[in-house]
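In what follows, chain A forms one complex with chain B and a second complex with chain C.
Take a look at the complex of A and B:
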């Protein structure tokens, strides 16, 4: 084992800064080489705290590894490589540089041994991902701002929590934290915001689909899965997470069923899949935690595959709404096939990667006799096939003939899809390698006759339900309101109402003041002005007359009054 | 757009009927497989015949119905936020 001087993520982060200076073939070479070097470095990191730095009196450990962190760092680096291959023709180097810095920061989070390093890489991820979004469609500007606001808010919660935790415990080490104190709740909340947990889940389907055809492939992998990693590390077995996870699972399904934009369907299904992982972390047994880690690994691959097939369609047709698409299998058979492999994997079809990972989470619930959780997870598995497994490929590649006849995407995009398709199937057929890399020993056998038959029944009858209800699932040019309505509509409406109210109050107030001041001014002018009674000069005669009159009055009074007598 | 009978073989009405027939056979087979396979039910209900089949089917119907109800309340034109 080589001893490393710097965290592997730095290769991608520093490489990203050099990327804008590379042109043409050199740029392609750099795009492929950086993640491969990183991938190799990740496999070379030995267990334990490798690098320690003293900073402002705190001991930082920017490089610490065990099986869990290496698993996530590995799949992040792999994702950067295949994402880079897919994005070779992305003209905006800014997007690619941002995506690599983002990927490197995610690897940084996975390999960070202390809370301060986690926070620094966490915020770098927020910056990188916001830049990736901004390189997307014209509507990406607002969406990116909203995304950044939510993530900076999450960062503030995390920062406050970490500061409180360090003040209370005196140590910066990032290890298991039970939720016993306010700072730990804040840390948990900061982590959960990045998983897409309620009530702020809307940031994900709002922002990700506005990224470019290649940008969303990167976005789907890092933020939510880095959050799954930190929850696995920090909060395993926190029961609340079971219910948060189950909410996310059903939220994703229901909103995806109603959605028309193909990439928003896939965005909702990210929340859905991360929900399975969060629920597994909440169950907290070795089986369930292994399941959550394995599912994060396989999910990154099949979700990227799904988004690469959707990205290929967007790249070749410029369209993203199901109502504009359909029948593309005629001219994009390979993209269709790869999309179907991704769709089968996300649905946990036997012989695909999802089958060998997600079932461990359900098994974890079964072992703990959590009947309600188990039944809800089973219902959700059926729902996954409905909203992502069939709905996405059906409306994009089959359904009706949209008349579009796009060619297959360029060779590098096809290669990237083929690579991940092959991985989905090989992981599904031979799970041993992945199981060996999981944090706890695995004694689970996914391929039993009972499990395969049950899963086939569940999925095939969900498929039957889909086709029988096709009329109800007809796509319309609609979106479904979410909690982001609060800050996209209600907030601005209240503010503009307040603004108008304040305006009105201000004008009334100023008018009143002006009226009073005017009246006062007129009255002063009338009495004390040049012609005013009290202001004008009086003739001397008048003075003498008044003085005489006063003296006479005095004389009369002195005769009448007693005291002078 | 080609007429249905001259379209891609996969889109022809005959193929679609054939696919439905094959799908029907597969569905029947996986349910009948419950006679051959020994399940290990944990919670009672999951030991019923063809449990995963009817449960998956019913779950999907319930989810779509719930989504339709929610959609009736929360659906807006996709230009809603653009103005």
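Take a look at the complex of A and C:
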């Protein structure tokens, strides 16, 4: 196969535009065929700059491939396929069309060779994902608008940065950047907003869980991971990213433990997992970068798997809250099993995909003798097991019997889950294929005795802790204990006080922000609303007065300015 | 064919003028429409051949009645006004098929031929302003287009249209008066009314009589700012747009303010030159501040507005802010951004207002609440709204992105960082007001009115779709829009010498 001029992302995007016209079986066929064609195209893209077009006087490269971009494009296309399979029965074609356009744009980002193309696909992703969210629950309206606002704000930062970068350097090529200039900081900030980095991490758990049962499966994969890709490409080794990543890791854990909504738990855990990748990018060695790329790959698969099992539960029961669920393993054994596989993977259990990828990041930290980073990453691994590895399956599928007896989801959903479960395990057992596809050569062996044993110890002890404290887990008090167990060094008393203090500060802060926002909104509405001074129709005399005032102002200015020359 | 080629500049104005007369004599709306259609479809042909002529052999000059300038009236076509001619006539031609059913539904039977007569008169006025090289002639055409515009607005069935037209009449007359006073002052100083001639004589005259020149600049700037609805001289516009018949709104929004902006460009750059316009008076600073104010305040007004047609009118005010912002930057990228946004905004606003025209045609309301769920009933129409709306926001892949890009680069080249943010941050406000309509139209259960709606007939749907596709087309192929705009900007900055 020689050079292929069709960018794979376009196939999905254009297909998405045609999707609303397909009905019934044809729609199902298109849903399955489009991603497969895309997947095939991705594997056929040769290395180098394949396609160039001229735009705004710049040479754009909408299709450029190397190992890194192909890895991401591949997993995005794979995700589109399995997501499409899972969502076959989604009644809202709009959502599926939006999701495919979204996936296609993510592939576009991964294969874009210049900053302008990256930006274009970036914004298309924002639009596609907003539409996916809007197709969800009624409460998705506000969440969708907030989501769009934050992402387009990120787009604003990014566009300002890119315009500045191009004005300064004269080249549009997207390659490694440093953080020496303001435009590059802006680009970094624009990228980071999409990873769910602080201080705007909250957009993710705010918006994603409002999507439909199938929508969130798509959402979990593309936005954050495309951001990880651009960071990998643009900002490897920027030290700030280590701390940003660690913050995200713990932010995700703490809030996920507090949370009751099963899909919000998983949303927080996306922030948490992406935190691992961002930290890996910050470490910046080949090992850590490989780890971040591999973790992005495996994470897309197991997070989609977790969300598909949560989505199946939502689809069959219509409930989202842990307190409303429980005991579902009796009638949904397969969904339970797949959920557990996903949970084990996210907890990096040996023989699952999470184990072979996340450990590379920790190994990267260890090689650089970043003891604190390594320690925090290890502690976080235990936390992941607590909030996603055990909490999610335990409260949804086991725990007490909620009395619900839902059947297994339809066959296509089961197939989709089985497919990704199989991938999770086979990647975990035979990591060679994935390792070979990573951007740098891999000389890392995940299955050493010490590594396996230490990981198992970590997991078993945190598992033990979970069940010992199960009685408290439903009350807020335990959360302090829990975190305290994680952070060992801090005494429970200090932490609980801190927690109470933080709670008080937080509620004051929220009240303050709400008050300011309310006042602002009121005053805006007072002035700009249809009956406000700026919005109502002025008497003709007032208009004429303004014209006269402007004229006077100019005349006075010209008088003050003195004669010409 | 060869015989009429040299007279194209005159024909550009004379044909619609005669069309207006003939149309006034016709009784039936449909016949008048057919005539207007014929005229509107001829105009872009003339404009396109003029543009080709300018592109191949430089600016052309046409002496009306054979009188040589500066005594006679000169029609002078260079790249900038050839571009505007094509824009105005092209948008009018695309929109014209839409008019038949829309006007039939919104204007009384006995007034329809008057409507088309006024439309053609307005078109003649706008094209005349653009094509002429004579400052007083601009005033004449300005009055022709304005007077016909007042009638177009007053033909709306809503009673408030009368008040809106009256207010616009007062404000428009003040603007025109200021303009003619400014021209009068220039005539006193230079003894000429020909734009080229004034510009040449202005330099020597500036040394001895600089006060009248500056006063002329002040009068002209304020007068034209009124016509182009620069904040805070905008208040006539929202009502005029909201209560005029849908087709008139779309036509005016796409062309009238754009032509006023063209006059401003001509005055600032061709008559006064950058030295006087921007260096002596703080015109650029004042205009910059007002533009930014327009971008934000008008967008906020749009966010709170419940009447979607009025909301789009506010959005136009904000978008005009981008154009004047580009002008006040006065560097090549900024000016290119301003001119290309003038073009792009005309296309996308025409699309949006035509969508509303189609909605009025189907459900008779443009209240946001009545539009609930209409996306599912009028999918193609509302898809066009989404596309043109994305262009207003400035999403990449649409024409709006091109404008914002040049404006941002222009602000960068000045080193004005905060301005870059303001440009981009104000587009966030567009996200809210466009997003609000999209969300209501597509993601809610249909309202009682929307339940029965369906896509309009092809004659209305096609113009909407063509314009929507054009907003995407000009987001990718920028040769025709940004390419010419940047050449025009280059020529303006280089001065006319």
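The definition used in the following text is that the second predicted complex is superposed on the first by the 474 of 565 C-alpha atoms of A that agree within 3 Å, B and C clash if a C-alpha of one lies under 4 Å from a C-alpha of the other, contacts with A are read in each partner's own complex, and residues count from 1 in each chain.
Please note the rule applied: a contact is a pair of C-beta atoms (placed from the backbone, for glycine too) under 8 Å apart; a residue touches a chain by one contact, two chains touch by 3 or more.
Keep in mind it's a predicted model, so treat the numbers as computed, not measured.
A.B. asks: Looking at A:37, would you say it contacts chain B, chain C, both, or neither? Reply first, second, both or neither.
C.D. replies: neither
A.B. asks: Looking at A:453 after the superposition, I want to know if it touches chain B, chain C, both of them or none. Which is it: first, second, both, neither?
C.D. replies: A:453 sits against chain B, while chain C stays out of touch.
A.B. asks: Quick check on the superposed pair: does A:418 touch chain B, chain C, both, or neither? Answer first, second, both or neither.
C.D. replies: neither
A.B. asks: Please work out whether A:366 is in contact with chain B alone, chain C alone, both, or neither, and reply first, second, both or neither.
C.D. replies: In the superposition, A:366 touches chain B alone.
A.B. asks: Contacts for A:375 in the overlay, against chain B (first) and chain C (second): which applies, first, second, both or neither?
C.D. replies: After superposing on A, A:375 lies in contact with chain B but is clear of chain C.
A.B. asks: May I ask you to decide whether A:260 touches chain B, chain C, both, or neither, giving the answer as first, second, both or neither?
C.D. replies: first
A.B. asks: Where on chain A do chain B and chain C both make contact?
C.D. replies: none
A.B. asks: Within the complex, which stretch of chain A touches chain B?
C.D. replies: 250, 253-255, 257-258, 260-261, 321, 327, 329-330, 366, 369, 371, 374-375, 378-379, 381-383, 385-386, 401, 403, 449-450, 453-466, 469, 472-473, 476-482, 488-489
A.B. asks: Quick check on the complex: what are the chain A residues that touch chain C?
C.D. replies: Spelled out, the residues of chain A in touch with chain C are 20, 55-56, 94, 119-120, 123-124, 127, 130, 134-135, 141, 144-145, 148-149, 152-153, 156, 159-160, 163-164, 167, 182, 524-525, 528-530, 532, 534-535, 537-538, 540, 542-544, 546-547, 550-551, 553-555, 557-559, 561, 563-565.
A.B. asks: Would you tell me which residues of chain B are touching chain A in their complex?
C.D. replies: Chain B residues touching chain A: 1-2, 7-8, 10-11, 23, 26-27, 30-31, 33-34, 36-40, 42-43, 45-46, 50-57, 59-64, 66-68, 70-71, 74-78, 80-81.
A.B. asks: Sort out for me which residues of chain C touch chain A in the complex.
C.D. replies: 163, 166-167, 170-171, 174-175, 178, 206-207, 210-211, 213-215, 217-219, 221-222, 225-226, 232-233, 235-236, 238-239, 276, 280-283, 286, 297, 300-301, 303-307, 379, 390, 393, 395-397, 401-402, 404-405, 408-409, 412-413, 417, 420-421, 424-425, 427-428, 431-432, 435-436, 439, 442-443, 476, 478, 482
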